[in-house]
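Labels A, B, C and D are assigned to the chains in the order they are written; within every chain, residues are numbered from 1.
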Amino acid sequence: MTLFKEFQSALKGLWSLAVGLKVTGREFARPQLTVHYPRKVVDNIVTYRGHIELVGKPKEPAVPKCITCMMCATVCPSGCISIKKFPPPKVAPAAEGEEAKPKAKPVKTPKAFNLNYNTCSLCGLCVQNCPVDSLRFSTDVYLAGVSRADFEYDLMARLAAQAEAVAKAKAPAEATAGAKPGEGGE
Amino acid sequence: MNIATCPFPAIAITATDYAKCGSTAYCYVEPRNVVRAAKYFFEAGYFIEDVCGLDLEEGFEVVYHFDSFTAPGRVSLRLVVPHDKPVVPSIAGVFPGAEWHERETTDFFGVVFEGNPNPKPLLLPDDMTLHPLVKEQKKRQPAVNVFVVHRLSEGKEPTAAKKKPADEDEEA
Amino acid sequence: MLQTEIIVPAELVRLVLGIVALAAFVGANAIVLVWLERKVAGHIQRRPGPFEVGPYGLLQTAADAAKLIGKQLTMPAGADAFLFWLAPILAFLPVFVLFMPIPFGENLYSLDMDLGLVLILAYAGFGVLSLCLAGWSSHNKWGLLGAARAVSQSVAYEIPLLLAVLAIAFMTGSFNLQAITEGQGPWPWQWNVAVQPLAFFIYFACALAETNRAPFDLPEAESELTAGFHTEYSGMGFGLFFLAEYANMIVVSSVATVLFLGGWQGPVFSGWWWFLAKVYALILAMMWFRWTYPRVRFDQLLNLNWKWFIPLGLANLLVTVAVV
Amino acid sequence: MSEIQTGDYYTRHFSPGPSDDTLIINMGPQHPSTHGVLRIIVELDGEYILRCEPVLGYVHRMHEHMGETKSYTQYLPNMGRVDYLHALAWNWAWCGAVEKLAGIEVPERAQYIRVLTTELNRISSHLLWWGAYILDLGAFSPILYAFQDREIIMDLLQIPTGSRLTYCYFRFGGVSADLSDAFLAGLKDFVPYLRGRLPMYRDLVTDNVILRKRCEGIGHFSPELCRRYGATGPVARGSGIDYDVRRAEPYSIYDRFDWEVPVLEAGDAMSRYLIRLAEIEQSLKIIEQALATIPSGDFIAKGAPKPKWAPPRGETYFAVEGARGKIGVWLVSDGTKTPYRVKLRAPGYCNLSLFAEAAQGVLLADAVSILGSLDLVIPEIDR
């Protein structure tokens, strides 16, 4: 009887192998799922949060909302944001003699806003903690470069280029700006 | 568990608020009694969760976390060894799982576990002499500054901040 | 001028032509098979497989071969140079001999010999020698383990393979492959597989093991032995092993076609195309297995052989002899 | 024996055994089945393992030291890198420890969001393990089938978190973004979809006789062994230990859902395999219930800590159930903006530590099977 049982279990085993073949055979006949990258792209990039970029003022799209409070640079765990402020409006003291207003309004917009994407860990703390919503995530996934310098972004220039493109297209900002995170997607 | 019924020689046992600090008791022992304590926890059905080091002004505190599969309630077994002679008997003979945790603590703090069956560097390179978690003298905090003991009952034991644990205090 | 009449035996012409044709056949088919394997794998896994180089990626293998030829040949320090380089050549060369007695069509064969089957079985033993040498001479412990596995696996599985083949030989009363083919009819129920299903099953399973195909690919089991016997081979050294694997697949499938599936005979328009179609069907099945099953363990593999295939093969042979 | 003298520190200290007939080989750190960069020095007699010793530290990043140099908030992204396959559980462990220390309340909706995303992440981790384990055993196709399903999870989790693997989504007092309708709708569709896929997994792999022979009775861990080494998670549950942190040390809102802790007595690789598949189903069950009852409200507490915040002095231990077992964070604060000490208890570390004992006397191929059944993520072990 043990021999019989052995044969029975062997047949059962063989049957399980046949079932496996059936599964792979079925999958063989089904259409492919791969997205052939350069010809087609995936459709869920809109929810991806890539590196950060600046948000322009509604009236002047080339000028960021940023008030150089340095919050993003301080909170960043890897120190990849560097911001240069304009020097405080201390016009040279009396020697020049002109009507340099001693109480000129300080320029709040940054002189330079650079991101070193090489060290960014995409935690989103900067965007979350920006008090004036001047930062947002870009949806850039198709990034490639040959040197580290390719990933050191001048975000002010990027904003200017975006604003220019928008102006050129005379289309609403929706076209270039990434959608707000957490929305959209399939 | 309290100090009177404790089956191994302990310096102090504090029942703590599980909801706040995640342990039901802190149990301070002298380094030389740690194996007896571990044996007790082994026989009581606990498993070893981890062995951690902590660099305090008083010395290196070594914290063993034991927990039970059946009746949850973490107990942290603690001892303090001086900075200049950080030697603790290994409990790997009781809980073989402690071997790696002890080797890790040796890597990070330089605390030597005497009797560890395989005292090789585990996570750090073998030629590394630096112990990364040892703090500079001026950054070290006394125990009172980091331990706020959430006592469960009105315990009569001294606070966790035992200044000089390497005294006598042997009982049982 | 004195005319000397050189009498060239027709057999020799046929042999030389046959070897040249076989070289082309094996080379071309191996390349096609590599491509096919990748396509089958791709489609089973719902991806396209190679599709960039050439139409449907057909030239991908050729590109890979060119790359492999261009790569530096390295040899580990301490390896036995002669044996190390002999092994891949030894893996590939006997394949030509194996093809010689196989009748692809009614008149399409390079060597008509009565002991064709014996020749194939004899030369098939070379394969294991090359694996053994490769693993042993590369001065690599993984290679050594792979070699040890290869030897015990091949030696063990040759026995039931022989038993299965023997059953057919008894039935036909001949070792001549052409005769065996002609002993079967054109229709599937006239094929030997209908009479000897068990022998076919054993033969096919053993063929998988002999060619080191999954689920019996233990000598090169990459999740255990990194790459087994060919761990240390680079460039065309590796390429030859690779080609030899596919060439061996063609050989065992061809022999199976001849022995069990009626060879070049088909219900309509008998000819070499039927032979090729059957060979490819078997090869496709082998690929299908590879991309479906996990790998068996080494002791299980040998257990399977000694506890199942050999007794079953013996029983099958006994019954066959009794009936004949 | 010349190989041993020319080896490195660990090889030199792995003294050859008494017999001359043994082979000492390095499995890893680039071996295909050690997933990442684990290295195991193995002494073989034929193909039988006499003894072995794992060598760690190839991806050691000293996360615990980073914890002492960064602020509480800045340490968040580290968590996704400790165990990249179940990043959200580590997110939760860190946030939970800080919340426990500082007594921060997490709003209802945030609790649900955490449960939904963490369970989804657990499924994706198990799916990847499933594929990788079968790959270790030599079958190539299942991993891609698992990846098809995992891809959907990653697409889903990308909606709230913005990333696909190393999530940094939880914040002290909640999460960083609310769940969108697209996510909820997608998740609602995903639950029945994955349930429909599981029978295929069973047919193709679980019932396969070759796989069964490779797993059944292999790598038997007794409950005692698990206890001595502190093994948790599916490894312990596969050995008959009914222990799940979600049940044993209840945190968040897991007590509101109707789900089971799968436990199997056999203690072999197959039972660990089955436990993980059963956990996928249980996670689906939790997700289904959470989806049905998720309330509206804040996704982060109103008084959530600002980046430059410092918690009160004190210490705490917080544990969550990760895909690999019990994740523990021991946090000591001296009241400044940076933690005084962070200890990360990685489940894989404890689970792997029993390997040396369990692998004694097994075949090399079985060692691969046992190693795979432990579900190791090396960055988590090395930290």
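FYI, contacts are C-beta pairs under 8 Å (C-beta built on N, C-alpha and C of every residue); 3 or more make two chains touch, one makes a residue touch a chain.
These figures come from a predicted structure and were not determined experimentally.
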**OP:** Go through the assembly and pull out the chains touching chain A as well as chain C.
**Re:** D
Subject >> Most centrally placed chain, judged by C-alpha centres >> reply: D
Subject >> B-D or C-D - the one linked by more C-beta pairs in contact >> reply: B-D
Original post:
If you average the Cα atoms of chain C and of chain D to get two centres, how far apart are those centres in Å?
Top reply: 44
Subject >> Whole-Å gap between the CA centroids of chain B and chain C >> reply: 64
Subject >> chain A and chain D: spacing of chain centres that average the CA atoms, whole Å >> reply: 28
**OP:** Could you list the positions in chain C whose residues touch two or more of the other chains?
**Re:** 44-47, 291-293
Subject >> Shared interface positions of chain D, touching two or more other chains >> reply: 141, 145, 148, 204-205, 208, 210
**OP:** Would you pick out the residues of chain A that each touch at least 2 other chains?
**Re:** 17, 20, 23-24, 27, 33
Original post:
Which word fits how the chains touch one another: line, ring, star, complete or other?
Top reply: other
Subject >> Pairs of chains, among all present, that meet the touch criterion >> reply: A-C, A-D, B-D, C-D
Subject >> List of chain C residues in touch with chain A within their complex >> reply: 40, 42-48, 51, 288-289, 291-293, 308
Subject >> List of chain B residues in touch with chain D within their complex >> reply: 20-23, 42, 45-50, 52, 54-55, 63, 65, 69, 72, 74, 76, 95-97, 99-100, 108, 118, 120-127, 132-133, 135, 141, 145-148, 150
Original post:
What residues on chain D touch chain B, complex-wise?
Top reply: 8-10, 13, 53, 56-57, 60, 62, 64-65, 68, 100, 226-231, 236, 241-243, 248-249, 312-319, 326, 328, 330, 332-335, 340-341, 343, 345, 349-350, 353-354, 357, 382-383
**OP:** Within their complex, state which residues of chain A touch chain D.
**Re:** 12-14, 16-17, 19-20, 22-24, 27, 33, 44, 47-49, 71, 74-78, 121-125, 128-129, 137, 181-186
Original post:
Hey, which residues of chain D end up touching chain C in the complex?
Top reply: 23, 25, 31-33, 44, 47, 134-141, 144-145, 148, 204-205, 208, 210-211, 213-214, 363-366, 368
